[in-house]
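Here come two complexes built around subunit A, the first alongside subunit B, the second alongside subunit C.
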Partner chain A sequence: MKVVLLLMKLYLVMTAGILVLYVIRHYIFTLARVFLPFREAYLEWAGMAKPTVTILVPMHNEERVCLGVLEALARTSFDLERLQVIPVDDRSTDRTGELVDGFARDHAWCQPFHRKGGLGGKAAALLDVMPRVKGDVILLFDADYLPGVGLVENLVAPFGDPEIGAVMGRVVPQNGAKNLLTRLLDLERSGGYQTNQQARWRLGLVPQFGGTVGGMRRSALEAVGGWDQYMLAEDTDLTFRLLAMGWKVAYVNRAECYEEVVENWAARRKQVRRWALGHMQACLRHMRPLVANPNLGFWEKLDGVLLLSIYFVPPLTLLAWLVSAFLLLVDPTLFPPSAAVFIGVATYFTVGNFAIFFEIGVAIALDGNSKRLRLLPFVFGGFMASLFTVTGAAFALLASRLKGESHVAWDKTPRFR
Partner chain B sequence: MNPALSVVLLMLPFLGGGLLLILPGLMEWLRPQDAKPVPIDGLYAKHDGVFADRFRQLAAPWWDDPDAMGHGRMTLAADTTLARPILAETLTAGAGVVLLEEAWALKALTLGPGAQARALVSDGTIDLERGCQVQRWIHGDGAVFLGEDCEVTARITSMERVWMAAGCQSQLISAPTIEWQGPYRPMQVEIPTHARKWIQRRRIHETGKNWDIPRQGGGPGSTAFVNGDLILDSDADVDFPLVVRGNLYIRRGALIAGDIKAHGDLVVEGSTVVGNLCCSGRLLVGEGSWVQGCLRGDALVWLGDEVVIGRADRPEAVVGDRIILAGNGRVHGRLRALAGWITVER
Partner chain C sequence: MSLSQNTGRGRIPLHRSVRYVRFTFQRLAGWLVVAVVTTGLQLYFNQGLTRTYGWVLEGLLTWAGVPFEQGTPDQLGFISIPSWSVTTFNPVAVLPGALAYLGAGLFLALVVWRMPKIPFPVSAWISLLGVLLVVCTLVLGLRPIPRFTPEVFAGLWMKVTVATALIYPWLWGGLIGVLPLPATRVFIWGAGAWATFALWNAIRLACFLALARAAGVLWLPLAFILGCTLMDCFVFIIAYSRALEPAGREWEEPA
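Moving on, here comes the complex of A and B:
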């Protein structure tokens, strides 16, 4: 029993240490975002660089939204002669294929691709469409996105730097006013992009390619082996494969695009579960090569490790809560005073002054929206919901690995427009 | 007292405190005041003359106002100070004139030596004599000429051409053709002897490939990464993207057709480059170079004598914390200093 108690205590200390590490990371990001000068040097090249560009828009039963994204792209300031847009009609059973074909009849740059079979998932659809891609740069948009006039130019500009393998823009919810969930997601997106991604880019760390409102150099994609259709988080997977071969991912905060966030908790749960599964899959695949990569500096590696492991934190936290409750009942004389301080600080920062709150608060202030800041305490509710979903996903992944399954099933995010 | 009641009473302050914390949030949730989507950038196409255009939109009705200044040829005597906007067909201001508001001329706008202005726009040409200062911007639909030591704090834009004499400075200059003329002192660069000389035409012939440094993926257009300093010799011929994790020196006569990046300094001695050049240190483009691509140097960008950037039909951008223009040179496109000035060598 003593050994079990000791192991439990060690586990608590370890979890507290990990949480403190994440807390420090979030505080550094937030302070860097506030105090370091941000110069969007690549944007000065916008409109000057003229590579050929292919925009891929994967669509699976998107009849509600598919024309919106194509009509928005038709208004782009980018030279249409250098642009190819491929709506990827991925095994749709609704009118998606018919609608995009109708649109393509009037727009030569729009060349739909209809996929009738094969594996489900975005990566599988992208893999199949690659032989049709003509552009040197590939951009990706989800079907519910509404790209602005200057967005393509802003996203293409960083590719003038030969070290940039992929570029990520900023996603802004367009239906944030719908209900409490969409408002919370609006806050979450602000924190994630305005503060987190931009700070990572500014500090020379690892901004993440998010799989939409972004793109990659075609030669880089081919060099790292193309899309892996068995990866649920093909974006995270690609980020780390590019990093492994020397390329960087650029983040452009001013390349903003409206998206539609999910409007009910069931859809949100599915989405978080898919992200968690995919991210954990990517973590298991890339952790070792990342640490061994000779081209990356210490801080890049550390940030990469923390980024890859982020979806393992909720199950660790949940288990730590259970363990502490158990220890409180069984052995109230928990730790020496020094460890108690350590755990106290970790608890305060995770539950009390949640570091993510700081990040989101700063992002909202930078965006100039002060009144939505009042909703900040409710973010904790969203965090709690995700905690259980991500923990469930971790167990699902563990179960699938034990069964010897190599990949996990893909769920489509429903549309609400 | 009932123990249950005492527990409830004890909890009340905590519950009240918790409610106080979320009360503003509840109000915002139930009666939203700030729920519109965050306004985003990039919805509309932009151009560098945006401030001048906005001013012209704002001031257009003033042409019908009988009290507005101008309407014809307007001449201001030396050392005059005016504190209202000027609209005129042509405006000629003498030495030391101070214009505290914007001035708009339909044909030509000329400021005498040492004049000061807030912002200037002309549908025709703009001519500033030596030592003029403009607090905000200058925009000319025609050519813009700046005499020696003129300073325009924010931006100089023209639909046609900008010409600058020695000592001129600004933070953004944009025009189909930007030319300058100043004294020329060559920049001394020490090339370390330990740098590797890898790319030579002889080796290209021997291998039958472009060169023998492994490139990621090996496909056409794939990037080559090199660790350490690198010298591209005068007979080098590079036709693919190249990233050097160190300093890069491109000798006079080397042919470059691909985007180039160096993590340290990047020195182009005098070559033809078709591709973008960027570096994390100083970017020095030596005399006689012709670059058809964008330039970005995180520290300093120095353009030497007879340097040409871009083509008339294909503008390019030069971006750096500071930019120094030495001798005579020409840029088709725009120059942008992010943390200091664009200065024509004095």
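Moving on, here comes the complex of A and C:
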């Protein structure tokens, strides 16, 4: 029994250590974003580099939104002579194919690709469409996105730097005012992009390519082996494959694109579960090569490790709470007798987890929509929901690994427009 | 490239993406002085503050008709930490009780989780309660005489409360004081959050002791995990969000 108790206490200490690392990381990001002068992602170069661009828009049963993204792209300020847009109709059973074909009849730069079979998932669809891609730079938009007039130019500008392999823009919900969930997701997006991604770019760490409102150099994509159709989070996978080969990911905070966030908790749960599964899958694949990579600096590696491991934190936390409940009943002397250490531990347990809220709060203030701050406490509810969903995803991944399955099932996000 | 532009019709506000805040050492130093003073005041008046807390707590217990006794005081550094005790029992020491609690825990954890009508965050909270209930039932079933008594619980709770209250001004000053916000607002919301935190903790401790007497020792760890680690953060976030509210356009870089 003593050994079990000791192991449990060691587990709690280890979990607390990991959580403290994340807390420090969030505080550093937030303070860096607030106080360090802004780093533009090469926007002064916009229009100078003249690459040809292919925009891929994967669509699986997107009849409700597919024309919106194409009509928005039709208004782009980017030179249409150098632009190819490929709506990737991925095994749709609704009117998506018919609608994009109708649109393409009036717009020569729009060249739909219809995919009738094969594996499900975005990466599989992107893999199949690659032989049709003509551009030097590939940009990706999800079907529910509404790119602004100058967005393509802003996203293409960083590719003037030969070190940049991929670029990521900022995602802004367009249906944020719909209900409490969409308002909370709006806050989360603000924190994730305005503070977190921007700070990582500013500090020379690892901004993440998010698979939409972004793109990559085609030569870089080919150099790292192209899309892997078995990866659920093809964006995270690509970020780390590019990083391993020495490419950088640029984050363009000013390149804002509107998206439609999910409007009910059931859809949100599915979405988080998919992200968690994909991210954990990428973590298992890239963790070791990342740590062993001799070409990356210490801080890049540390940020990469923390980014890859982020979806393992909720199950660790949940288990730590259960272990704490057990230990409190069996052996209540959890805290060391030293007053100084106790104060540190107590503070961590009470307000330590505040870091993520600090990040979101600052992002909202920077965005200038400070009335939205009144909703910040409700993010707590979303946090709890994600805790359980991600823990469930971790068990699902473990089960699929034990069964020897090579990939996990893909769920489509429903549309609400 | 200039980040702001003057078109001859006045300066165009900076795009929200490029805003940042000038760090001023004076602002940080000022708030750290406030933190030193307020922490010092808490240390100097520690006996009076813990006594006031005790009066509130004992008043609540008396009002609710919960008999209690003073526990053995403990120390946190040189600060004397009071404690309270209530008679309690182990509700799962007998088989029917154990089965009832285990059943309730499993019901909450499994059935509520699958009910489609309940909003997902609510079902997540209830599920957490259910899982913790199952863990506590199993532990108390195997170990009928728990070492985690209401007195130990109250002492630990008080230590956490005192420690958090002491370090609170530093967090508030260091994290919010550095931001360009009106000083009076930061101070008022900071003091309000501190007082709310203390009062909220006293109310919860009274509830938990009453629950320990009425429903057994089983509830103490649940109260500690759910109450201590999560709800204090919640109070802090509410105050933080209200203190930060006037921030916005003034966060632009000076021209």
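Worth pointing out:
The working rule: the second predicted complex is superposed on the first by the 398 of 417 C-alpha atoms of A that agree within 3 Å, B and C clash if a C-alpha of one lies under 4 Å from a C-alpha of the other, contacts with A are read in each partner's own complex, and residues count from 1 in each chain.
Note that in this section a residue touches a chain if its C-beta (ideal position, glycine included) is under 8 Å from a C-beta of that chain, and two chains touch if they have at least 3 such contacts.
Computed from a predicted structure; not experimentally measured.
Using the contact criterion defined above for the overlaid structures, shared-chain residue A:R269 touches subunit C, although it does not reach subunit B. Contact with subunit C, but none with subunit B, is seen for A:G382 once the two complexes are overlaid on the shared chain. By the document's definition of touching, of the two partners only subunit B reaches A:G246; subunit C does not. Once chain A of one complex is fitted onto chain A of the other, the partner contacts of A:R105 are absent, as it touches neither subunit B nor subunit C. In the superposed model, A:R288 makes contact with neither subunit B nor subunit C. Once the two complexes are laid over each other on the shared chain, residue contacts for A:N154 go to subunit B alone; subunit C is not touched. In the superposition on chain A, contact of A:G361 is made with subunit C only, not with subunit B. In the superposition on chain A, contact of A:L328 is made with subunit C only, not with subunit B.
By the document's definition of touching, neither partner reaches A:K2: not subunit B, not subunit C. 37, 44, 170, 254, 256, 367, 369-371, 374-377 are the residues of subunit A that lie in the contact sets of both subunit B and subunit C, per the superposition on chain A.
Interface residues of subunit A, counted against subunit B in their complex, comprise 37, 39, 41-42, 44-45, 48-50, 77, 136, 148-151, 154, 160-163, 170, 172-177, 180, 183, 186, 190, 217-220, 222-224, 245-247, 254-258, 295, 367, 369-372, 374-378.
Residues of subunit B that touch subunit A in their complex: 21-22, 24-25, 27-29, 32-38, 40-46, 216-223, 225, 241-243, 245, 258-261, 276, 278, 293-294, 296, 298, 314-317, 319, 333-334, 336, 338-339. Those residues of subunit A lying in contact with subunit C across their complex are 27, 31, 33-38, 40, 43-44, 170, 194, 198, 253-254, 256, 265-266, 268-269, 318, 321-322, 324-326, 328-332, 335, 339, 342-343, 346-347, 349-351, 353-354, 357-358, 361-362, 364-371, 373-377, 379-382, 384-385, 387-388.
Residues 1, 3, 15-23, 76-77, 116, 119-122, 124-125, 127-128, 131-132, 135-136, 139-140, 143, 146-148, 152-153, 156, 159-160, 163-164, 166-168, 171, 175, 178-179, 220-222, 224-225, 228-230, 232-234, 236-238, 240-242, 244-249, 251, 253 of subunit C touch subunit A in their complex.
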